[in-house]
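In what follows, chain A forms one complex with chain B and a second complex with chain C.
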Partner chain A sequence: MSKNNDIQSNNDIQSNTIKKGLEIPIVKSIGLPTLIIAAFFILVMTTAAILKQSLPILISDILRRFGMNGVLVLAMVPAIKSGTGPNFALPLGIICGLLAWTIGIEMGFIGITLILLTVVMATVFAAVTGYFYGKLLNAVKGAEMTIATYTGFSTVALMSLVWLMAPFKSKQMGWMMGEGLRETIKLDGVEAGQIINNFLSFEIFEVKIPTGLLLTFFAFCFLVWIFFRTKTGIAIIAGGSNPEFAAASGIDIDKNRLIANILSTVLGAIGIILYSQSYGFFQLYSGPLMMAFPAVAGVLIGGATASKANISHVIIGTFLFQGLLTASMPVANQLFEGTDLSEIMRVVLQNGIILYALTQVKGGGK
Partner chain B sequence: MKKAKYILSKQMPYLADNIVPIIFIAFTLLGFVLTTNVPFNFFLSELSSRFYRNAFIVLSLVIPVIAGLGLNFGIVIGAMSGQLAIIIVRYLSIEYLHLSGFWELVFCLVLSLPIAAFIGFLTGKLYNKTRGQEMIASLIVGFFANGVYQFILLFATGIIIPVRSSHPMIKPDGVGVRMTVDMGELHYSLQNILKVPFLWAVLLVSVLLLALVISRHLMGKKGHNKDNRVIFFTKVGLSAVLIIYSVFAIVTKSKITSVKDVPAATIIIIGLLCLFTELIMKTKLGQDFRSVGQSQHIAESNGINVDKTRIIAVIMSTVLAAWGQIIYLQDMGTLNVYGAHTQIGMFSVAALLVGGASVHKATVSQALIGTILFNSMFIMSPEIGKAAFGNALLGEYFRTFMVYGIIGMALGIYVWNANRKARITLDPVEVHTQDN
Partner chain C sequence: MSDNLLSIKNISKEFYGNRVLKDINMEIKKGEIHALIGENGAGKSTLMNILFGMPMIHETGGYQGSIELEGKEVLFASPHEAMAHGIGMVHQEFMLIPGFTITENIKINRELTNPNLVSKIFGRQYEGLDMKKMNSDARKALDIMSMGIEEYTQVAGLPVGHMQFIEIAREIDKTGIKLLVFDEPTAVLTESETQNLLAAIEKLAAQGIGIIFISHRLEEIMQVSHRVTILRDGEHVVTKDTKDTNVYEIAELMVGRKVSLDRTNSTSRRISDETVLSIKNLEVKMPGEEVKGFNLEVKKGEIIGIGGLAGQGKIGVANGIMGIFPARGQVIFESSPLELNNPRGAIAAGLSFLSEDRKGVGLLLDESIELNTVFTSMQIHKEFLHNIGFVRVMDSRKIRNHTNKMIKDLDIRCTSSLQHAGSLSGGNQQKVCMARALTQKPKLLLVSEPTRGIDIGAKKLILDLLKKLNEEQGMTIVMTSSELAELRSICDRIVIVCDGKVEGILSPDASNAEFGLMMSGTRADSQLGGAE
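Here is the complex of A and B:
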């Protein structure tokens, strides 16, 4: 009898501390934001079907968008796991990727050689950048997210100067007249557009499956998953989830945070290469400025928090978020012609979910 | 040894705090050396009009810093409230009321008060829930509010809120507000109330400054140290030089007389806000701001309602930002409905930091000096780009870099110092046991 009472009072405490509606186990295990977005996604897809939108085209688009954003969202996982919070300095990695693109094109490579070379170069650049970025984050513990955001912003602004002054000669990238690189550089000119997407791609029920793109994304997911099962990976998780305990058991937390942020930056660099080959062009100057936020929102929608993230969060979150955005565009356009409703929805959703995650961050204290 | 370390740790942040203003002064001076085609009176005209436009909104950042909320990037929300008020007033004025410019302005200021106060209240609540992460939260909440703002103006207007589709502010298809709204009668409505020739204004202000500095010195506590005295004489010297120079220029009718007239009403309003910010710090509320800013824990144990105090600070900041944006826009003449507010948070924060403020410390004079220095950089940057590299665009990118760089650097230095101090004063092991 008393045992029952105990359990009951325990439940009472729990339901008091957690908001109403979260008591249902499924809500608790999946997370409220994920469920809301999923419901919304289903609603939009149903509306699309009712409005007689072409579902195969819509699904092909969703798959493509899912694959191209995936690795950028994946870049959040190592950073979150190591305890530095979502990598708001994702533009750092992105810029490494862009720099690799421009150098590769300048050297005159084309096609798959260009992409492979770009990936190698981007990895090297990002490893070096990530090292210094990790050092910076170790110096500013407690305010990583704010500092990371401005590190990203100022690097993007600094790189604008580089893009404008870099002594590149390639006709693919420069203006017809004057100096500096163009804002948007097409990859069709160097035969690198959609190469990975088209690898082994096939159509089923008129839905185009970008096999290469999806395979690459899942391969990276798998690699990261493996990494967090190695000794280093486990040490990183330990340091992120309970720093005092990890330090007491002799784990070098600073070093682990460094490794995790190098990994995150490298994934950002590779992520933008996948992203831009799928789009068929890449954007310099202020293009990367705001790119961290959709990626952060993506992993959070999947059910991650500022201190906990898994590969499953990446896959679910990217699919739901990108799927919703892709599907809502034609639907909104058909329902309310001339309004930019889907873009407005993106802004509200993306920043709303980040704010929600920030309210869940512990440790600020009074 | 201990003392040396103490002095070092006291002097280092002082230098680090002031390195930014020094860089900016050097940069502006470099601009004058490099470029020959920027006449000084043009520079002053440009700088002064930018100052009247921006000073108010930069001042709105001071209170949250004192209350420990850090740099409130959320003033963008205040700016949006101000713009919302302008749009409503302009719409009603064209449609029914046909007000004169002055009354439109008054209506805008009154209407923006409840809007901004309500949104400020919500923002304050949010900051209380994201304690310790206020700055990133304020940045993101600005983006979030921008989405809501676009929803109201692009979508709800015309579909949910009925409007006349042939109204000049509404898009031709009857849904949404146009990209740009003409300020009409509002343009210069504050500016035109009273204008004073530039040099007379300089003379007046510097005489007032001199009086203020001396009266403060006389009323202040006894036993000033050397540092204070040096600062006092520098201030007196500077105001004296300004007085002598302006009298000299008025008498000799130098080129400076061609600098644009000073809008006295704007200056008076800015002055009143400075006074308000200074005076409120002497009240009970101001003391609460300060103690909450120093330590929320101690403030709470002293019986201060920390959450409420922080919300009040945010409401004040948001309302002031709304008014600041109205003052800014009545000077600009056209309202870029979906773009006018997006940069204002970054620029204002950068300006405040350039004045020597930091995340936990800001004064009225830092805001004013910062506005002047920051805008000098803004004017000179493209000119330097053109003169040094033959490319004005380069200068523009450079100044964007300066904005982000300054904010990042100021934040970085602050956190780094705070972490280092925590390490010097408290052994980590002790902290651990205290926590338990």
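Here is the complex of A and C:
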């Protein structure tokens, strides 16, 4: 009883200053979009069970998709925390990762050596790219999200020329005839498919656990979490939360935004390496074009906003969003045969949640 | 009372239970220049908002009392209605469209038009402009104020003085204007422009227009007004004929109040002769609070107050020293020069600042009390961190212990040290700011408007705390405040800032009149000599 009262008074204090439309505590603490998606996810899973779909296969798929998308979603956290908003220019980092793949394969490496080398190269490329991208964002304060989206788009277009014209010779990546790299490049040919997924992987109740993939994802989550507890990390949070406050405490906000966006770009580059090794191939040309959006949607579904994001948002959001997409495909195909309903749902959900988050962005002062 | 143009009778107004106006009575005759004066927050603007039927008044529950215009009671639901009844206002900020000519600005939304073929079909909106007539109307209005400038000149690029006149021209061009309110019209004008304006106001009054003249420049009031009404803390102090009074008396009446906070001086205080902070020729570009050459020497261990009216630059001083707004000049702290425009340097040198803009600069509203408390110390003094390998990570336990101690010491009312600062009350937010400042262990504390927006109980706590810090730790405090009573209750000396410069330094026991005169930038000696 007394505990109940405590909660009550706690809420009173909060609602004194923050009056929002929805006053139900659980809705406020978790967030409406997260709850809706979670309910939907449970509904789809139940339907799948009723339709006698193979749950172990479904769950295995969900875990794999969760792990492979995780780091890409994690890339949103530094950008959002620093105040530049979700990193819509994620294709920049992705391209760095892809470039590292192509160079690694061209140099003739295979297997785990290839992956490790790719990660190192991708980090270097992404750090440099992120630096210039951060400089750009500092020059366009107030319009970061729009500028970022088009930075991503135009870079993808520009890189299409590079894929076509770069002097790569590897048989693994070229066309059967003519110049340029192929659209889709298989990683099985260089023995790099699912290497991380299969590390320490095991089956339990017929569910395949991609241990290596999940461990890698959680390790990166931990590193980012630690980073935001360091002096620099906290300064970045303060700069994103209230730039005037940070400036008055002698913080160089532009420098911190730069660091955060370098980190975000590097995570994007590593994220795509993890993603493609799990997938078994990577896609060049317009492949990275739309990849920012599922990542942005993921963190938002987890409960983040355009100005606030935590590691927990990443984990919850990626699980719910990817879980829903994975589970709904076989269910929708069985229920509504011959339609592309699950793809339609993906587009509606993904863009709907981004739209929702953008409407919540406060324009100007409070 | 038929010669009364406007009668304001027993007007009272409450904002959320806070009484800001109490039984105000005021009468303005035809052709009278009636000065309305009072400190910031005395209720002048609220009274004018009521007169103009501003929406904010109705939204907050209306007002008590009545307003009579030419003997008939009126109740304006909107500024439009007030204007339709012949009440005009000349704003402090210019509401002019730079790309338009003077005529167009004067006639905007009241254009004179000629019907044409299109307008006969599509209605009045499509009638052609009668530029000739409009220009001649504008000319007439400009001539009333002896303004030689051509009416077809573009407004963009005109000197501010001219813009002010165009605003007035627009008001007097309205047919049937009976009453004009001037809200600090001379604040942005040069001396000669001011004289022109005052002459124009007298001319307008001579034509039978009633004038309400709001200003804190007492000389101007003495020069042009017929009567003065003084408001103080929402109360009507007195209405007097200007010829029966003098600046000294007005100043005293404007400031005077029963100082409620009593002053107790502890014996243990030591103010040394050593100068700890010396400010020479400080200029700060803070919009609305510009500092234009400020000089001050602060002794070690004293509490020095900076007072003055709003917009005179008192707020700019601390913001300039702390590097929050661009500053120029020389600041010497503990006999070594302080680099300006460098907040990090100022904090590292041992200065700490409680901003007047608590929610803007002072707090991370979406973060915990803990982070708010330790942030600056962590960033500048590298405290509350511990090493894990080669990275420095925040020391949660140390932060929590320290914050809990602060919560206890300063009596911050919160559910836990993790509560977000934004969900605290104003007084508790201020205490969190104070906790952050104290965590930095400053040698000198700059506080700006420490009690703004907090209730009377919390006010006393904050002031007592400042006093305690000064007495027990010998901390030097520079306190900027709009509330004179508050400055007088704890400061050793009070610097009055006027027009970005030090107008004078007074002891807290100086008379109300001395404070009033100084705040309005009136030299006591010269004016008194003239008045007697």
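Heads up, the rule we're going with is that the second predicted complex is superposed on the first by the 342 of 366 C-alpha atoms of A that agree within 3 Å, B and C clash if a C-alpha of one lies under 4 Å from a C-alpha of the other, contacts with A are read in each partner's own complex, and residues count from 1 in each chain.
Just so we're on the same page, a contact is a pair of C-beta atoms (placed from the backbone, for glycine too) under 8 Å apart; a residue touches a chain by one contact, two chains touch by 3 or more.
On a predicted model such as this, the values are computed, not experimentally measured, just so you know.
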Partner chain in contact with A:Ala235 - chain B first, chain C second, else both or neither: second
First (chain B), second (chain C), both or neither touched by A:Lys141: first
Contacts of A:Leu355 with chain B and chain C, given as first, second, both or neither: first
Of chain B and chain C, the chain that contacts the larger number of chain A residues: B
Touching partner for A:Ile226 - first (chain B), second (chain C), both, neither: second
Partner chain in contact with A:Phe245 - chain B first, chain C second, else both or neither: second
Touching partner for A:Lys308 - first (chain B), second (chain C), both, neither: second
Chain B versus chain C as contact partner of A:Gln334, first or second or both or neither: neither
Chain B versus chain C as contact partner of A:Thr46, first or second or both or neither: neither
Residues of chain A that lie at the interface with chain B and also at the interface with chain C: 244, 366
Chain B - residues contacting chain A, complex: 126, 129-133, 135-137, 139-141, 143-144, 146-148, 150-151, 154-155, 159, 171, 173, 175-176, 296-297, 300, 306, 389, 391, 393-394, 397-398, 400-401, 403-405, 407-408, 411-412, 415-416, 418-419, 432
Chain A partner contacts - residues on chain C that touch it in the complex: 322-324, 342-348, 353, 355, 357, 359-367, 371, 375-376, 378-380, 382, 385, 388, 391-394, 414-415, 419-420, 422-425
Of all residues in chain A, those that touch chain C in their complex: 6, 9-10, 13-14, 16-18, 226, 229-231, 234-235, 237-238, 241-242, 244-245, 247-251, 308, 366
Of all residues in chain A, those that touch chain B in their complex: 88, 136, 139-143, 145-147, 149-151, 153-154, 156-158, 160-161, 164-165, 179, 244, 285, 293, 336, 338-341, 344-348, 350-352, 354-355, 358-359, 361, 363-366
